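Listed next: structures, encoded as structure tokens.
Across the two complexes that follow, chain A remains constant while its partner is chain B and subsequently chain C.
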Partner chain A sequence: MTPLIEAEGLAVNFRAPGGFLGLGHHRLAILEDVSVSVRPGKTLGLVGESGSGKTTLARALLGLVSRARGEIRFEGRPVDSFRRLRRKTAMMFQDPIASLSPRLAIGSAITEPFLIHGVAMTSRRAAAEELLALVGLPKEFASRYPHELSGGQARRAGVARALALRPALVIADEPTAGLDVSIQGEILNLMTRLKAELSLSYIIVTHNLAMIRHVSDRIAIMYLGRIVEEGPTAEVFAGARHPYTASLIASEPIPDPRRRRQSLAITGEVPSILRRPSGCEFHTRCPHAQARCRSEAPSLTKSTGGRSVRCHFPLNERFPPKLSDFGDKETRQL
Partner chain B sequence: MTALLSIRDLTIDYAGHVQAVRGANLDVHLGEAVGLVGESGSGKSTLASAITGLLPIGARILGGDIAFKNESVTSGRKQAQQILRGDEIAMVFQDPMTAFNPVLTIGDQLVDFQSRMPGKAREKYARAVAMLARVGIPDPALRANSYPHEMSGGMRQRAAIAAALLVNPSLLIADEPTTALDVTMEAQIIHLFRELRQDYGGGILIVTHHLGVVAELCDRVYVMYRGEVVEEGAVDDIFHEPRHPYTRALLACDPARLHERAGYLPVITDAERATFMQARPR
Partner chain C sequence: MPSGVLEILKRVTRDPLGLLGLVLVVIVIGAALFADAISPYDPARIDVLNKLQGPSAAHWLGTDQLGRDTLSRIIHGARVAMGIAVFSIGIGAFIGLILGILAGYGPRWLDAVLIFFFDSLSAIPLILFALTVIVILGPGTGTLIFVIALISIPVYGRLVRAQTLSLRRSEFILAEQSMGASLPRIVGIHLLPNVLGPLVILVSMDIPTVVALEAALSYLGLGVKPPTPSWGTILNDGYVSLRTNPSLVIAAGIPLVIATLGFTFFGEALRDALDPKLKGRRAS
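Up next, the complex of A and B:
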């Protein structure tokens, strides 16, 4: 089956700080050699810490930031102009209240895509009410303003706006950030239901591992602008192959006082993108780093089970992953 | 054992109509870490700000009492409250960026935090640098010279914890101390709190909506729902034998507690919510 959207060897540069009057500045690699794909009806989770490039990747896929290298294909055809994608893709931005205009009532905000793209609707009021019903908001919300909404209601409005033109692909940037767990569940359940009803595909950008584990089919773990591990979600969680993935999973606080972690899975901070480490960029924090890791950069290598990993010495490779490996640093094997 | 902090039947309202906190009781003893959990709007932050006398304008304490070391805080003069806030009670906030003044170096600010303590400026600076080292900031002498924006979020939160501990408070209140951080930083801050507990003998009150943080750090837990403390108990009992239906529902909808992959995640329905207020723990 052709992937709905596919990127190959994607690279994005930003201008580095410094220089004088725009002279003498250099380019800073934000994304390097990123390849991802999403099949129709599936959900891809992009996971990483702040500064890992996950939001930049999501934006680059829709042409909201321009790429330096690489190819993007949508429905199998290379994308030259992103205009072709505009009606078939939608983005749910991180801060739902800030991403809605404070001067537009919700009804106007969610039906704006119709006007922008010149799509006919019976009446603006009817279109707004239909969209509100779709996301489970009462129709009175059409005349409310963003500041009158709670976090969860604003997310629903964001979903309604994203789905106005019935896109094929929705990219959701941190759809649950700042929400209470029960509201988080409501938003994700809404997205899951609509995915089935409207045959959508999702790319969910998040740092919330507990959540993405339940809602994605595949996940890609990013570190300093590169994908370090990619594969089917359940298998990655059952046996992470990249030490960074393993440390991320082991860092999640466990809501069970009987399973308190005694040691830290990962120390130090993400290095600055201005000073990328040599060799494997994770070697400065990797508990298993060896001499080779400091000098030679590993490439993203396909391994068994439709998984890829960017590591010289991947974990859990020789043994079939056990469920007991999940989140337990001590039992995983080299 | 007498409590360090003792809150009895505290009721707080906003602008005369919304009761943000209703009849809340809460104790913190020396050497104990207490978690205060609830969803947004549960009143947990209002309760925490009442302890330090930092209630927003429009909020009033309608009834009840807050006692610190057996002395009432609520009936005291404003100045007494300020002294208490500087010497005895310190706070760590969610956003470590706004906790510091952007135009002063971290070191200078850590000296200012000690304004009510004895000693020369030079000694205070040395104490500040030592405290930065204590909270795990590498090159503390160099970092003391940095401005807040030059530090990462995790570093700033460490510096904020250093600032709070400098006055050697008997009570440390941390309001969502890890919410703004990445998961690896969150784990490191949790680890730091645990380490600090070994030589810090005071009480810690952690206000959060994150059940994982409570399970990792706290000895006792208070659960708030719509302004009321609905359940209180030892951390193990709360997580393994919750008695109030709200506590059970809250635990059930944390995706981190689901072992099997779920197509639809558990939520708290409005029908369930309607029953929580009548419910009393069995």
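Up next, the complex of A and C:
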């Protein structure tokens, strides 16, 4: 089965401005050698801390930031014009209200894709009401403005706009950020329902592990602009092979007052992309780092069970996983 | 959207100073528009027998050294002042808007070039620059409009550029790009309406500056040429006869005060009314 969208060896540089008329700028590598793919009807989760490049990756897939290297294929064909790609995909941005044009009524905003791509609709009003009904908003919302909506309502409007042209792929950047927990659940249920109804694929960018665990088929963990681990969600959560993934999962808060917080194996801050560490970029925080990690950068290596990991000394290669692999005797059973 | 304009005016008048400003602005604009109908005399009619008179029933504000009716000249002066302000600021704001959007939304090198242009223009001392241009082109209304329009381009250009720069990275513009919207659509439908608000406020607050500038240059004899009534030239005429007939200076000073205060109050109230963060706070 050909992947719906596929990126290979993607690299993105930003320029740090400087010098007279901006001539003295230098390049910062935001993404390095990133390859991802999503199969039709599946959901890929992109997970990482702030600054890991997950949002940039999502934007680069639609050409919103230009890539320095790498190839993007959609439905098996290399993407030459992003306009065709953008017709069949949709992106939802982090801030539900700020991603709607402030002086455009919701009804006009969600039907804009029809005008942009010259797709016929019976009437703008009818199309707007149909889309609002799809996401469970009353049709009166067509004449409201973004600042009059709550976060959850604006998010629903964003979903409506994303689905206007019945895309094959929806890229959602933190779809639940800034929403109450109950509203988060509603939005996720809505997205799950629509995925089945309209046979959508999703790429969901998030740092919310509890959420992504339930909605994604595969996840890719990112650290400093590289994918460090990739695989089927359930298996990655059952036994992380990269020490970074293991510590991310261990740091996930658990709503149980009787459970005492485990000490985390990971310490320190994310290093600055201005000064990337030598060798394996995680060695500065890794509890298992050895001499080789400081000098030699590991490559993303295919491992068993359709998984890949970027580590010289992966954890849990054996089954069942040994708890001591987490560097903590009392690490909870996953 | 006419209902939007009405709503904004309603909010402006909720502020007492805004209401005062609006009234003064309406008086000045009314005088400018209907100058011929409301002025009692032809402003150019010379009546040497009745020169330099104080206020009387026939001439409410007296006459100047040629016996011309001061009230009529002040009313027609409003037309000159408003005409110059509207044209010069209109041209300056229009060019500034286009250059500002080009700088903010265009490529980096164009931004650098335009910023350099804005900086160079605003580095020149205003009066010196005006004097130079007037020496080259000769004094007159057209020259005045040209000078004021030129020096106001960087002010509006910078504002629009800053506004555009912050908007182009905003999520709703990115969302438009992600949908595949064309450049004219993004700029025309999504960028422009959000840039115009601050521009309108700046324009309304710049009008008093331009009115005062026109009066200053005309007072110096570098602006509007003599037969045309301007508040600046009337002030100059009055200065000559300040000891014998001070009413002329006072009569020409009052409309200047009315116009500058009116537009300033109105502009400030407009700024508050258009600022969504202040919405409602002023109402109490």
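The working rule: the second predicted complex is superposed on the first by the 313 of 334 C-alpha atoms of A that agree within 3 Å, B and C clash if a C-alpha of one lies under 4 Å from a C-alpha of the other, contacts with A are read in each partner's own complex, and residues count from 1 in each chain.
We adopt the following convention: a residue touches a chain if its C-beta (ideal position, glycine included) is under 8 Å from a C-beta of that chain, and two chains touch if they have at least 3 such contacts.
It should be emphasised that the depicted structure is a prediction, and the values quoted were computed from it without experimental measurement.
Overlay on chain A: chain B and chain C fit together in the combined arrangement. In the superposition on chain A, contact of A:Leu64 is made with chain C only, not with chain B. Residue contacts after overlaying the shared chain place A:Ser101 against chain C, while chain B stays out of touching range. Taking chain A as the reference chain, the count of touched residues is higher for B when chain B and chain C are set side by side. In the superposed model, A:Ala90 makes contact with chain C only, not with chain B. Once the two complexes are laid over each other on the shared chain, residue contacts for A:Thr2 go to neither chain B nor chain C.
Contact with chain B, but none with chain C, is seen for A:Asn189 once the two complexes are overlaid on the shared chain. In the superposed pair of complexes, A:Ala234 makes contact with chain B only, with no contact to chain C.
Put simply, the three-chain overlay gives an angle of 70° at chain A, taking C-alpha centres for chain B and chain C and rounding to the nearest 10. Of the two partner chains, chain B is the only one that A:Arg213 touches; chain C does not reach it. By the touch criterion defined above, A:Glu112 lies against chain C but remains apart from chain B after alignment on the C-alpha atoms of chain A. When the shared chain is aligned, no partner comes close enough to touch A:Gln290: not chain B, not chain C. Taking the two complexes aligned on chain A, the least Cα distance separating chain B from chain C is 9 Å.
Of the residues of chain A, not a single one touches chain B in one of the two structures and chain C in the other. Taken together, the chain C residues at the contact with chain A in this complex read 108-109, 112, 116, 170-172, 174-182, 185, 189-190, 193-194, 276. Within the complex formed with chain C, the chain A residues making contact are 21-22, 59, 62, 64, 82-83, 86-87, 89-91, 93-95, 98-104, 112-113, 116-117, 147, 161. Chain B meets chain A in the complex at residues 39-40, 152-155, 182-188, 190-191, 209-216, 218, 235-236, 239-240, 249-251, 253-258, 261-268. The residues of chain A lying in touch with chain B in their complex are 49-50, 151, 180-186, 188-189, 192-193, 207, 209-211, 213-215, 233-234, 247-248, 251-258, 260-261, 264-267, 269.
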